[in-house]
Amino acid sequence: MKVSARNALKGIVKSVVTGAVNDEVTVEISPELVITAVITKTSAENLGLAVGKEVYALIKSSDVIIAVD
Amino acid sequence: MKVSARNALKGIVKSVVTGAVNDEVTVEISPELVITAVITKTSAENLGLAVGKEVYALIKSSDVIIAVD
Amino acid sequence: MKVSARNALKGIVKSVVTGAVNDEVTVEISPELVITAVITKTSAENLGLAVGKEVYALIKSSDVIIAVD
Amino acid sequence: MKVSARNALKGIVKSVVTGAVNDEVTVEISPELVITAVITKTSAENLGLAVGKEVYALIKSSDVIIAVD
Amino acid sequence: MKVSARNALKGIVKSVVTGAVNDEVTVEISPELVITAVITKTSAENLGLAVGKEVYALIKSSDVIIAVD
Amino acid sequence: MKVSARNALKGIVKSVVTGAVNDEVTVEISPELVITAVITKTSAENLGLAVGKEVYALIKSSDVIIAVD
């Protein structure tokens, strides 16, 4: 499947914290860049997420905010 | 200002495409990673965005989708 | 690719309206249900979107609002 | 109330899973289409959500991602 | 219609800037608070938005970021 | 830091409800206006959120829905 989301960052799952409804998943894109995602617990189960699994973090461009110092 | 958005990626503006309402901004985080953002034209003007400017791409963790091959 | 977005609706592109930065795409899921998406013009081009093409509309569950009459 | 969200899908609540902060609500739009929403527990209580209740799932068009096989 | 979005701010439309796909709408909530929204041009037309019209700005709580100085 | 999010509402934290993954934070902008945010528990901890703290609620304009009665 190819998606319209402009940002697809490949990485490795570093941690999964499980809640009642949502899980927090961290993905190491590079040694300097870790992305945090919150997805439903059911999604995390459906995808078989576990530490060490290769995944993509997808981000729609309209969800990105720009900041300057 | 410190924000709750878990993902803050530092980079350099590579391009700004201007529309009537929204602009598309690309930010090079590293040679292998370019992030695309869509923000309002007024925001891009307020921030003084231009090619070469140092910026942060901020992404709330609830806006990140995880995908697996 | 399998995604964490819980909602994946299969349908046929009915229209594409092109702007400077964003395109508006309508997708017929069934005769009674048309979904409207706004994605970047570049994404629409990358995906080769055109009337009649089979696509999926993906929606993260945290982006769904519930309303009652 | 009439909303700017372009997508309003009428359906019946099939399940409500309650967490500390968020609830996961599934809504059957048709026998082939179930939409999952994550909303705050307080919202679910305010709306009186329960299995069998008629609701609308509202989705802003900028939150829809398009994918192709 | 009653919505799950926790934040509903009543105000008066101050401006509508029209693009090819999206419009930018500003809403005065109080003399000190103006909210900016980007919605599709078709939505703005469907709602009959014009300067002076009374509207609500709805914001889902998962779309709010918290910042501190 | 200056952000592209067009809406920055200054206020005082009124409550923090803690979940396993997400916290719900309410912010009083004025006596008549309270904004509710859902952010990760880790973000709330990183920002040192507590009742009485001065914060900003940031909202991207593409996340605002307009409604009319």
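When the chains are written out, they are named A, B, C, D, E and F in that same order, and each has its own residue count from 1.
Methods note: contacts are C-beta pairs under 8 Å (C-beta built on N, C-alpha and C of every residue); 3 or more make two chains touch, one makes a residue touch a chain.
The chain list, named the UniProt way, goes like this: A, B, C, D, E, F = TOBE domain protein.
Keep in mind it's a predicted model, so treat the numbers as computed, not measured.
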item: Interface sides of chain B and chain C: same vs different residues, half threshold; value: different
item: Between chain D and chain F, centroid-to-centroid distance (C-alpha), Å; value: 22
item: Where chain B and chain F are represented by their mean Cα positions, the distance between them in whole Å; value: 21
item: In chain D, residues with contacts to at least two other chains; value: 1-6, 19-20, 22, 24, 36-40, 42-44, 47, 56, 58, 60-63, 65-69
item: Chain contact topology (line, ring, star, complete or other); value: other
item: Pairs of chains satisfying the touch condition; value: A-B, A-C, A-D, A-F, B-C, B-E, B-F, C-D, C-E, D-E, D-F, E-F
item: Footprint of chain E on chain B - complex, ascending; value: 1-5, 19-22, 40, 42, 58, 60, 62
item: Contacting residues of chain C [partner chain E, same complex]; value: 17-20, 22-24, 36, 38, 62-63, 65-69
item: Chain B residues within the chain A interface of the complex; value: 3, 5-9, 24-25, 27, 29-30, 33, 35-39, 43-44, 47-49, 53-69
